[in-house]
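Here chain A shows up in two complexes: once beside chain B, once beside chain C.
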Partner chain A sequence: MDLETVMERAGPREFGPGDDLPEKYRKAATRMIQFHANSEVMGGYLDKTFTRKAPSLDRKLANTAKVQDEIGHAQLLYRAAETLGVKTRAEMLDELATGDGKFLNCFHYPVDSWYEAPMIDFFVDGGAMRRQATLKSTSWTPYAHAMDKVCFEEGFHVKHGESILRELMNGSKATQERMQETFDVWWPRILQFFGPTNDESVHDDFAQAVGLKTATNDELRTSFLNMYIPKAEKYGLEIPEYPRLYERDDGTMAVREDDLDWEEFWTISRNEYEGSKEQIGSRRRRQDAVEWVRESLETWESSAGPTPQTAD
Partner chain B sequence: MIWEVFRQEEPGDSHEHVGNVHAPDREMATLFARIQHARRMQTNSLWVTPRDEIGEVTAEEAAFGGRTDKSYRWAMTYNDIDASFAEEVADSESKQREAARKRREALREEETDA
Partner chain C sequence: MSETPRSDAIDRRELSAEQQAAVEELLFRLADDEFVHAERLTEWQIYAPTLESDLAIANIAQDEFGHARLWYDLLKQLGYTEPECLWERDPTEWTHSLLVERPFDAGDWGDAVLRGYLYDAAERIRLEAVADTSYAPLADRVGKALEEEAYHREHATNWLERLTADDDGRARMQDALDELFPAALSLFDPGPREDDIVAFGFRTESLAAMRTEWLETIGPALEALGLDVPDPDQVARPNGRGRYGTHTDAWHDLYDEFTATYREVDFETPAQLRATEE
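The block that comes next holds the complex of A and B.
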């Protein structure tokens, strides 16, 4: 299939492993799904910090369940990416360890307090879920199938995250103040989650033209703000004055770009932020620690019985 | 040789198991599958696979999800939180509620059988 045909046919769940697709499509889809899968891993690793911080057994259990879900999402997504034939799962996991693999900006900031839990579990997961719901109609079918299962599970994450926020904002005055301080720190990062305004985004046009992406960052940011600002305010959080938000003529919401720290954002996107190194490093050390498990699985697989080896 | 047959109705759907056919090789299996399972039914694609290649685990051997109380991992548990503000959260919750209901029903049946 040539690119022109791909663009012509582009639509929800239009292409799958049986189609002969141009390299440009397969590479773009791989980049996108690998980024998504990496983010599930790094989000899961970040989130596991909260299990220790959680104030009750129920919260600890819910948190471990969430971490388990996220790692499961990563597994689904690496499989969906692998079906494009560009990279293997092992290659993608190695790239994440060497610092070549990219992932969401919010997961480059190490966390160390329970107050940060609703930042990740409610706002970031909420934003991610907005995006993931639109990816149910991506053109790469295995990706869409992964989104069906991911979206099924995510409702629990977002509601649990909101429940933590609610609990903390019903706490003492001091607790509420700490929550507000944490929110002030995280709010600009959460706004950057949707990237810079459309015209600056490098890969968007192609991804949209071939149906990989079905919503623009602008649309996602707008709907996110319309849904989540009222939630924050409902619990008594104040939206910081800066970065300033405004409505464009077409009704979409935007952020004054100058009010955000784009240098930090681009440093993060190159994995060169201090937190990036810390997060990537701690995950790599954990991956190394269980090398023996992978090795014994491989030894077992290559010595296994009569079934021929069919990885795919 | 027995081949299990999986049918995909519309492009983009998952392949679902619809039955099996007797056939000496893969080619004949696809042919028989077409005749038996796609002649009248709306079909976009068929998969056939030797039955021996399928691994199975049943509820008799394994405790599948939902035996111990894991209510903390269901969206419905957080019922002081209103999911309706975001379509995708509400959608996830209603699917989880449905899955939990089915699970409860199955457990109840098991208990009355025992």
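The block that comes next holds the complex of A and C.
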């Protein structure tokens, strides 16, 4: 199939492993899904911290379940990316550990307090939900299928995050203030989660033309703001004065992008931010530390009998 | 395991003061082991060697937290609150074994596998030893936990086979065994009310008999994989006795970490996300 045909046919769940697709499509889809899969893994690094910090047994259980879901999503997504025939899962995981793999901006900021749990589990996951819901209609069918399961489970994660936020905002005055301070720090990062305005995004045009992406950054951010500003306010959070928000003529909300730190954003997108180095370094060290296990597994699998089993 | 309660079954409202103290000790031993084991296992989430092994170990940690909740729930029925069981309980009152509080060295997946194996082998034995308990509320809950433990043992055994298949792996597993074995023996150390626990029929086996069964289970299995199991009477036991609340420094660090948020936020009650049971 040539590119022209791909663009003509582009629509929800239009293409699958049975189609002979041009390299440009397969590479673009791989880049997008790999980014998504990497983000699931690197989001887990943050959520893992919250498991240890959870102040109730039920919260702890919900949190371990969430981290488990995220690894499950990564597994699904790497598989959906692999079916494009561009990279193997092992290659993608290697790229993540070496710092070549890209992932969401919010997961480049290490966390160390329970107050950050709703930032990730409510706002960031809520933002991810906005994006992922639109990806149910992506043109690469295995990706769309993965989104069905991911969106279902993310719904629980967002409720988990919301419940933590509600509880903290019902806490003592000191707790509420601490929550607000944490929100002030995270809010701009969350707004940048949706990337820059459309005309500055590098890969968007093509991804939209071939139906991989079905909504623009602007649309997603607007949709997030309309849904989450009222929720934040409902729990008593104040939206910081900067970055300034304004209402468009059609009543939707938008951000003054000049108020956001795009230099930091682009540094992050090159994996060169201080936190990027910390998070990726952690990934690399942890993966290096268990390299011997993967080698043992390979030895076992290459020497095993006629019905090899995988240890899992 | 019996499906029908023993004819001499004791309900919680019928417990004498001595019986209650004994049943509490039994429940805290079970619950603390599960909780602390799970807390350590979650350290592997995101750090495990493969995505599949990550999911598996997370799943096991999740089960163990679930079991801890089963046993803490029984303590709640006896009047304890969650903070009294977990968040505000003095770390020197915890009665988990020394095995489960040990920190993991980075990359020491052999420790995770072997610890799980030693623990799960003991877990089966002790759950079976309470399957026929005279304490009715406990009897109701053992079946579910036993089912899940079968999967845990299979997981540990599969991994043990793989990790002992070459010389490097086997040497690592031998090191892990030498380290963990003395601590694992504390699984069978008695607490102050051990005699009552058996006398009242809360557990139908003595710790000595369970320890023998455990040694007879793990010994031949590990030796078949080419590992040398230390002589239990010869090994130097770590400081601390676990069951009496004396623990290694690693426990106190862990306790400080997992209770930090609770102490800081000062909520009236820890969040309950499911319907409370009577």
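Just so we're on the same page, the second predicted complex is superposed on the first by the 297 of 312 C-alpha atoms of A that agree within 3 Å, B and C clash if a C-alpha of one lies under 4 Å from a C-alpha of the other, contacts with A are read in each partner's own complex, and residues count from 1 in each chain.
Operating definition for what follows: a residue touches a chain if its C-beta (ideal position, glycine included) is under 8 Å from a C-beta of that chain, and two chains touch if they have at least 3 such contacts.
Just so it is clear, the structure is predicted and the values come from calculations on it, not from any experiment.
Chemist: Just from the overlay, do chain B and chain C fit on chain A, or is there a clash?
Modeler: fit
Chemist: Which holds for A:Glu162: it touches chain B only (first), chain C only (second), both, or neither?
Modeler: It touches chain B, and chain C stays clear.
Chemist: Looking at A:Glu154 after the superposition, I want to know if it touches chain B, chain C, both of them or none. Which is it: first, second, both, neither?
Modeler: First partner only.
Chemist: Check the residue A:Ala133 against both partner chains and state whether it touches chain B (first), chain C (second), both, or neither.
Modeler: Touch partner of A:Ala133: chain B, not chain C.
Chemist: Considering only the touch criterion stated at the top, classify A:Asp259 as touching first (chain B), second (chain C), both, or neither.
Modeler: neither
Chemist: Considering only touches as defined above, state whether A:Asp58 meets chain B (first), chain C (second), both or neither.
Modeler: A:Asp58: touches chain B and chain C.
Chemist: Touching A:Asp19, do we find chain B (first), chain C (second), both, or neither?
Modeler: It touches nothing on chain B or chain C.
Chemist: Looking at the overlay, does A:Ala289 come into contact with chain B only (first), chain C only (second), both, or neither?
Modeler: The answer is second: A:Ala289 touches chain C but not chain B.
Chemist: When the two structures are overlaid on chain A, which partner does A:Glu91 contact: first (chain B), second (chain C), both, or neither?
Modeler: After superposing on A, A:Glu91 lies clear of both chain B and chain C.
Chemist: Residues of chain A touched by chain B versus by chain C: which partner has the larger set?
Modeler: C
Chemist: Could you tell me the angle at the CA centre of chain A between the CA centres of chain B and chain C, given to the nearest 10 degrees?
Modeler: 70
Chemist: Considering only the touch criterion stated at the top, classify A:Met227 as touching first (chain B), second (chain C), both, or neither.
Modeler: So A:Met227 only meets chain B here.
Chemist: Considering only C-alpha atoms, give the closest distance between chain B and chain C in the superposition, rounded to the nearest Å.
Modeler: 6
Chemist: So chain A touches chain B in one structure and chain C in the other; where do those two contact lists coincide?
Modeler: In chain A, residues 58, 61-62, 65, 163 are touched by chain B and also by chain C.
Chemist: Quick one: in the complex, what on chain B touches chain A?
Modeler: Those in contact with chain A are residues 11-14, 45, 53, 70, 72-75, 77-78, 80-81, 83, 85-93, 95-96, 99.
Chemist: Report the residues of chain A in contact with chain C in the complex, numbered from low to high.
Modeler: 41, 44-45, 48, 51-62, 64-65, 67-68, 71-72, 74-75, 78, 113-114, 163, 167-168, 171-172, 175, 285-286, 288-290, 292-294, 296-297, 299-300, 303, 309-312
Chemist: Where on chain C is chain A touching in the complex?
Modeler: 35, 38-39, 42, 45-56, 58-59, 61-62, 65-66, 68-69, 72, 82, 86-87, 106-107, 109, 155, 158-159, 161-163, 165-166, 168-169, 172, 257-258, 260-262, 264-267, 270-274
Chemist: What residues on chain A touch chain B, complex-wise?
Modeler: Answer in residue numbers: 12-14, 18, 58, 61-62, 65-66, 126, 129-130, 132-133, 141, 144-145, 151-156, 158-160, 162-163, 166, 227, 230-231, 307.
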